[in-house]
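The letters A, B, C, D, E and F name the chains in turn, as written, and every chain counts its residues from 1.
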Amino acid sequence: MTELLLINPNTTQSITDLVLKHARTFAAKGTTLRAVTGAFGPRYVASRIGYAIAGHAAVDALANDRGKKDAVVLACFGDPGLAALKEVSAVPVVGMADASILQACAMGKKFSIVTGGERWKPMLEEFVASHGLASRLASVRTVAPTGADIARNPKAAMALLARGCNACATDGADVVILGGAGLAGLAAKLKSQVDVPLLDGVACAISMAEALAGQNLVRMGTQPAPVESIGLSKGLAKLIG
Amino acid sequence: MTELLLINPNTTQSITDLVLKHARTFAAKGTTLRAVTGAFGPRYVASRIGYAIAGHAAVDALANDRGKKDAVVLACFGDPGLAALKEVSAVPVVGMADASILQACAMGKKFSIVTGGERWKPMLEEFVASHGLASRLASVRTVAPTGADIARNPKAAMALLARGCNACATDGADVVILGGAGLAGLAAKLKSQVDVPLLDGVACAISMAEALAGQNLVRMGTQPAPVESIGLSKGLAKLIG
Amino acid sequence: MTELLLINPNTTQSITDLVLKHARTFAAKGTTLRAVTGAFGPRYVASRIGYAIAGHAAVDALANDRGKKDAVVLACFGDPGLAALKEVSAVPVVGMADASILQACAMGKKFSIVTGGERWKPMLEEFVASHGLASRLASVRTVAPTGADIARNPKAAMALLARGCNACATDGADVVILGGAGLAGLAAKLKSQVDVPLLDGVACAISMAEALAGQNLVRMGTQPAPVESIGLSKGLAKLIG
Amino acid sequence: MTELLLINPNTTQSITDLVLKHARTFAAKGTTLRAVTGAFGPRYVASRIGYAIAGHAAVDALANDRGKKDAVVLACFGDPGLAALKEVSAVPVVGMADASILQACAMGKKFSIVTGGERWKPMLEEFVASHGLASRLASVRTVAPTGADIARNPKAAMALLARGCNACATDGADVVILGGAGLAGLAAKLKSQVDVPLLDGVACAISMAEALAGQNLVRMGTQPAPVESIGLSKGLAKLIG
Amino acid sequence: MTELLLINPNTTQSITDLVLKHARTFAAKGTTLRAVTGAFGPRYVASRIGYAIAGHAAVDALANDRGKKDAVVLACFGDPGLAALKEVSAVPVVGMADASILQACAMGKKFSIVTGGERWKPMLEEFVASHGLASRLASVRTVAPTGADIARNPKAAMALLARGCNACATDGADVVILGGAGLAGLAAKLKSQVDVPLLDGVACAISMAEALAGQNLVRMGTQPAPVESIGLSKGLAKLIG
Amino acid sequence: MTELLLINPNTTQSITDLVLKHARTFAAKGTTLRAVTGAFGPRYVASRIGYAIAGHAAVDALANDRGKKDAVVLACFGDPGLAALKEVSAVPVVGMADASILQACAMGKKFSIVTGGERWKPMLEEFVASHGLASRLASVRTVAPTGADIARNPKAAMALLARGCNACATDGADVVILGGAGLAGLAAKLKSQVDVPLLDGVACAISMAEALAGQNLVRMGTQPAPVESIGLSKGLAKLIG
C-alpha cells in the first residue's frame, strides 16, 4: 500500500482535480493518492515570477500537510521548489518535469518537451541544463495557450500540440514529453498522431514516485538548523524554526 | 497485467535465478516475469572483452525469444547491447545501470555506484559519461570480488560493500546505487549500515520497466534494412536479415 | 546620478543596514543607495527551504517598491529570485553572487567562494554550474557559523575565514570571493592574511550595478501575460495580474 | 619494419580486400599489412544491432590471430570492439573512426564526417561525443547507400558524396572525414570537388597505427582475471579463460 | 582617483584616440585615462595572424609603460595577450571582450556578439568557449567591414550593424555586445533600432576596470623566473629577463 | 619524399639542434627535415608572457621561410601561434602538444602530460581544455627545471621525471606524454621506469605531420585580407600586407 501526496502549486483547484483524476488512471493497484493545492500565488505558473512564488507555495503546502505519505509528487511541470522539498522530506519527492526527463532518457538518446505557455521554453531549457541533461535535449517547443487554457479547452489545442510534437521529431527527438499539469491525460489522445513515442508527464511522475517509494529508502532529507522567521504560515514557520 | 522479459547476458543460470527471485520481490502486483540467459560468453562480465561479447549475447537472446513481453530488462549492470536492443524492440528496453542512474538522479544531485570487480570502475565512469550524466556522478567504487563471487558468498562481501557505500558519501554522493546482477537484494540488507539512501539496481530496473510499459508507448524500435550474415543463431540471422 | 535599490530578502533589518553601510563605501561618487528588507521569510537564508521562500520575498519586495531606481541589487549571496526579478524589471538587476563570480572570472581563470553556513556549499556549486561556470570554479568552502552569526560577531570568525580563503588557493583558485550579506566589509580586513586576491561580494554587486546602470540600457524585462492570483501582497498581485 | 594487422569485422571478404589494397597505397615504406575478416556477423555493419555483433567478431578475430604484429587497425568506421581490443592487446590498436577524428582535430577546429548508411548518423554522433569531442564536431552526414553498396558501385555514389562533403563546409567544418571501409580510396577522387580538406579514413588509421607502432610503447593492455565461458571460439575462450 | 591605462595593440593612433574619447564618456568621475598604441603589428587586427602579433605588441606596450596605473584595459576586442598581461601585472588587467561577455552574462542568460571583420567569428566563438562560456553564447555575427573600416566611416555601417544585432535576437540572445575598438560609441546610436539590450564593449571594459581597481586588490600577477632573450624592446627584455 | 619544416620559437639554437636530431630518429624513411629558430623572444618559453612573444616569433619564422615543405611542425610544446600558422599555411601545420594529446587519445581514455617549468601546468590545462579535451585529461605535472635546464643536463632530471610520470598513473592516466622541446628523446630512456605507456612529444609531432602530409590535402589555409603594418620583419609584413 503506497500513499502518494500530490502538491499542485498552481492555485487552481480544478487543475488539482484534473491531475488527480489522471494520476489515478496511471497509478498501480495498491497506490492511494491525495492532493493539496497551493495556498497562495498565481492561478497558473507561466512565468519566472510565478515560478518564484510557486516555490514558496510548494514548501508551504508540504509544511502544512499532516497526512501520511510514502512519497510526494510536485505536480507542476517545471518543479518549483523541488530542491527545497527534497531537502527536508523524509520520503522521496518527485518533480513532474524531473521524472519525465529521466524516463525520457531511459527511452532514447534525445528527448523533447512540448508544453503550453511561451515563457516556459527558456525556463525548461535551463531546467534541463541545470539537471546536467542539456546534451540529451533535442528541443523545447511551446504552444501559445498556457496549461490553464488547455485544461479549460483541450480540444482546441490538440492540433497545435500534435504539430509541436511532430516538429520535435525533426529536431532529433527519439521521444517527446507532453508536460504540464493542465495537459494531464492528453498524451494518450495524441499518440496516434505523433511519429515518436510520447510520454505523459503525470504518468512519469506517478510511476517514478511509486518506484522510489517501493524501495523503502532511509537517510533522506533532514531539517536545516532552526531559524526564526516572520510572516510565514504556522506550518512552515514551525518546519524551519 | 505487465509481462517483463529479463535478459541476463552473463551465462550463469544461477545468477539469472538470483536476479529473477529478487526482481519478483520488487515487482508490482500484476507484473509477471520471465528470464533468459545468454547462450554464449563469459560466465560473468567483468572486463571490456567480456562486455563486447555480452552485447552480442544480449541481442542474440532477444532475437531468439518468442514469448510475449511488454518490456525488456537487460539484467547486467553496465548494460551491454542496450542501444542495439532498443533499436529493434517494439517494447521498451531498460538497462539495469541506465535505470539506476536515472532513478538516482531523481533522488539527489550526485550519485555514486558501488559494484564488484575492479575493471568495472572505468567502464562505468565511461557509461555514465556517455549518457551525459558525468556532472551528476560523485564516484564509482568497486570491491575486489566480482559480482559472481559475491553471488556465491554474499556474507563475505557485506562489510566491504558497506565500507564502499559509506566512502561514497564522503565523495559527495547524495545517494548510492548498489549495482550488479550478482548483488541483487543486498541493498536492503546493507541500508542500515550506510549513511545515505541506497538504491538496488534490480529494483530500479524493474520499476522503470513497469513505468514505461504502463504508458503503452507506440512508435518504438524498428528493424534496420535487412542484411545478409554468417555464423549467427537462426533467430538473430532472421532478425537482421 | 545613479540610484540603486538594494533588496535584502533575509528578513533582518540589521543585516540590511550592515550591507547598506558597506555598500556606500564601495559606491561611486554620484551613486545613491536605498534598501528594502523582505516582508516575510527566515531571518537569514541558510538552506534550500529558506532560499525557496526568499525568492518569493525578493519579487514581493520589488513589486511593492515605488521608488525611482536605475538598477536593483539583490543583496543575498546566492541570489534567490534573480531570474524572476530580471524577467519583469525595466532596469538591470544584479545578484550579489552572480556579480561576484563574473568579476572573479575577469580576475583569473579559477575562482573559489568562501561563505558562512554549511548548506550553502552544494547550493553555491549548483548556482555556479547553472550559470555555466563550473569549469571556472576551483571550490566552495563554508565555515560553520552562518552569515547572520558572522554579522553579529565578525571577530570570532576572522581566523576561520582566513583559513578557508587560503585553503582555496591550494584548491587552485586564482581569486577568492568572500560572499554573504552578513560578511559585508570583511574582505578588506582579511586580505593581508590571504595569499590570493580577495573579492568582496557587496563591492562586486554595487560596481556591477553601476556599470550596467551607466549604459542606459533599453528593452529590458517585460511583464508576462496577466494572471489572477490569491494570497499575495497587493503590489505583487498587481504586478502579475 | 612495421607489421600491421587489419581486422575487418564486416564479414565480407571483398571489403577486406578493398581496404587492404587502399591501405597499402597509404602505408609507409617498410610497413607490411595483413588482414583478417570477421568469422560471423552481418556482411556489412550499418545498424546498432550489427554493431553489437561486430564488437564480438572483432575481439574474436584478434583472439584467433597467431601472427606477429606491431599494431592493429580496426577496419570498420565506427570501431566496434575498440575498447575491448585495447584492453587486452600488447600492441597499439587503432580504430578507423577514432584515428580519423583525431587527425581531423589536428587539421582544424571543427570536423564533419560523411559516410554511407543512414543509421550511422546518430551512432557516429554518439561515438564522437563519447570520445569527448562533441565540441569539435560540425556535423555527421550520411548518404543513403551503405558502405557495402558504395564498395560495389562507387561511381554511382560520387556526386552524392561530393554534395554531402560540401554541405559539411556550410555546417562549419574546417575538414571533412570520408569514413567507411567500403569508401576506402574515394577521398582522393573526390577532393577536387570539395571546398574543404578531405581526409581518408583508411589513410588516417594506417598512419596513426604506424605512428604509435613507431614509438615502441610498453605497458599496454593486460588480460583480465580469467573467467570460464561457453560457446566461444577456441581462441577467444582461451584469451579470456 | 582611479588611473586607467588603455593599451591598443592595433597600431593605428586614430583608433586609440577614438577609443580614448569614448572611454572618457563612460568613465566615472574621478577616473583618469591614458592610452598607448602598439609599437608594431598590423594597423588593425582582423585575423589570427594579426592576433598572434598583437599579443606580443600588447605585452610590449605594458613593459614599456612607466606611468602610474590602477588598472589596465586591453582595448582590442578579442583580447590578444590578455593572459600574459595578467600574469605579470600588479594591477587588474581587463580585456574588452572578456569584460563584455561577463557583463552580458550579468544581463541575461544568452548573449551574442556583433563586430566587424569576418575572420573574427570563429576567433570569438573560440574565445568565448575557452573562457568556459560557450553555453551562454547565442551567436557571433560579423559584418564585412572591419573595425578599422567602420571607424573611418561609421555611418555606412549603421544599417548593417542594426540588422546584425536584430538577427542575434532571433538567435536567442537576451543581450547583444557591440564589440571592437573601431566601434566605440556606436551602441548608443544603434540602441533604438535594436530589439534587445545593447552593450558597448568599451563601456564594459572601463566599468569593469573601475570595479576591480576600486577593490584595492593585492597578491596579483608576479614575474616569472628571469630568462634571457634576443631581439625584444628594452622594456620587454627587462621585464622578462 | 616528404619535407618537414620545424619551427622552434624558443630562440636557442642548441635546442633546435636537439629537437632536429631526435626528430630524425623518429622520421620515416623518405622524410627530410629542416629547422628554423625564432628570430626574437625568450631563450626558452616558460611563462605566459614568453608564450605571447613566441606566437609572434612562430608566424615570423614561417613568413620568412622560403624553402619547400610538405608540412610544418611547431616545435614548442604548448604550440604558441598554432592557430595563426594554420590560418595562412597551404600545407598542414602540426603543433607538438596538439599532436601529442591527439595521439594520446588514440592510446587510451585518459592521458597526462609531464613537462619542465612550473608555469606550464595551468597553461597546458587551458590548452587541453581549449581543444575540447578536458574530459580526457587526467593531469598535468611539471618538474621544477625548465625544458632548457633539462636540455642542458638531462641526467639530473631523470629521477624527477620518472616520479612525475608514475604519479600520473595514480591520477588515472592510461598514457603519459613527455612534452617539451628540451625533453626530446627522453621518453625512450624513461620508459622502463614508468608504469604506463610513455609518448614522446617530438615523435608524436613528426608522425602526425607525416600522416597529414601523406594525404596530399588541398584547400588549406588562405591569406586574410591584406592589411598595412608597422615594425614587422619584411617577410611577415609581406605575408599579411
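In this text, contacts are C-beta pairs under 8 Å (C-beta built on N, C-alpha and C of every residue); 3 or more make two chains touch, one makes a residue touch a chain.
Predicted model only: the values in this text are computed from it and were never measured.
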If a chain touches chain A and chain B alike, it appears here: C, D
Chain labels contacting chain B and also chain F: C, D
Farthest-lying chain, centroid of Cα atoms versus that of chain D: C
Centroid comparison with chain F (C-alpha atoms), farthest chain: A
Pair in C-E, D-E or B-F that repeats A-B, with over half of contact pairs matching by residue number: C-E
Same-residue or different-residue interface between chain A and chain C, half as cut-off: same
Separation of chain D from chain F, taking each centre as the mean of its C-alpha atoms, in whole Å: 27
Between chain E and chain B, distance of the C-alpha-averaged centres to the nearest whole Å: 53
Of all residues in chain B, the ones touching two or more other chains: 86, 126, 129, 134-135
Pairwise touch network: line, ring, star, complete, or other: other
Interchain contacts, given as pairs of chains that touch: A-B, A-C, A-D, A-E, B-C, B-D, B-F, C-E, C-F, D-E, D-F, E-F
Touch list for chain B against partner chain F, complex: 122, 126, 129, 134
Partner chain D, residues of chain A touching it in the complex: 109, 135
Interface residues, chain D side, partner chain F - complex: 26, 28-30, 86, 92, 94, 98-99, 102-103, 105-108, 131-136, 187-188, 191-192, 194-200, 203-204, 207-208, 210-212, 214-220
Sites on chain A touched by chain C in the complex: 11, 39-44, 46-53, 55-56, 58-59, 80-81, 83-84, 86-88, 119, 126, 129-130, 146, 224-225, 227-232, 236, 239-240
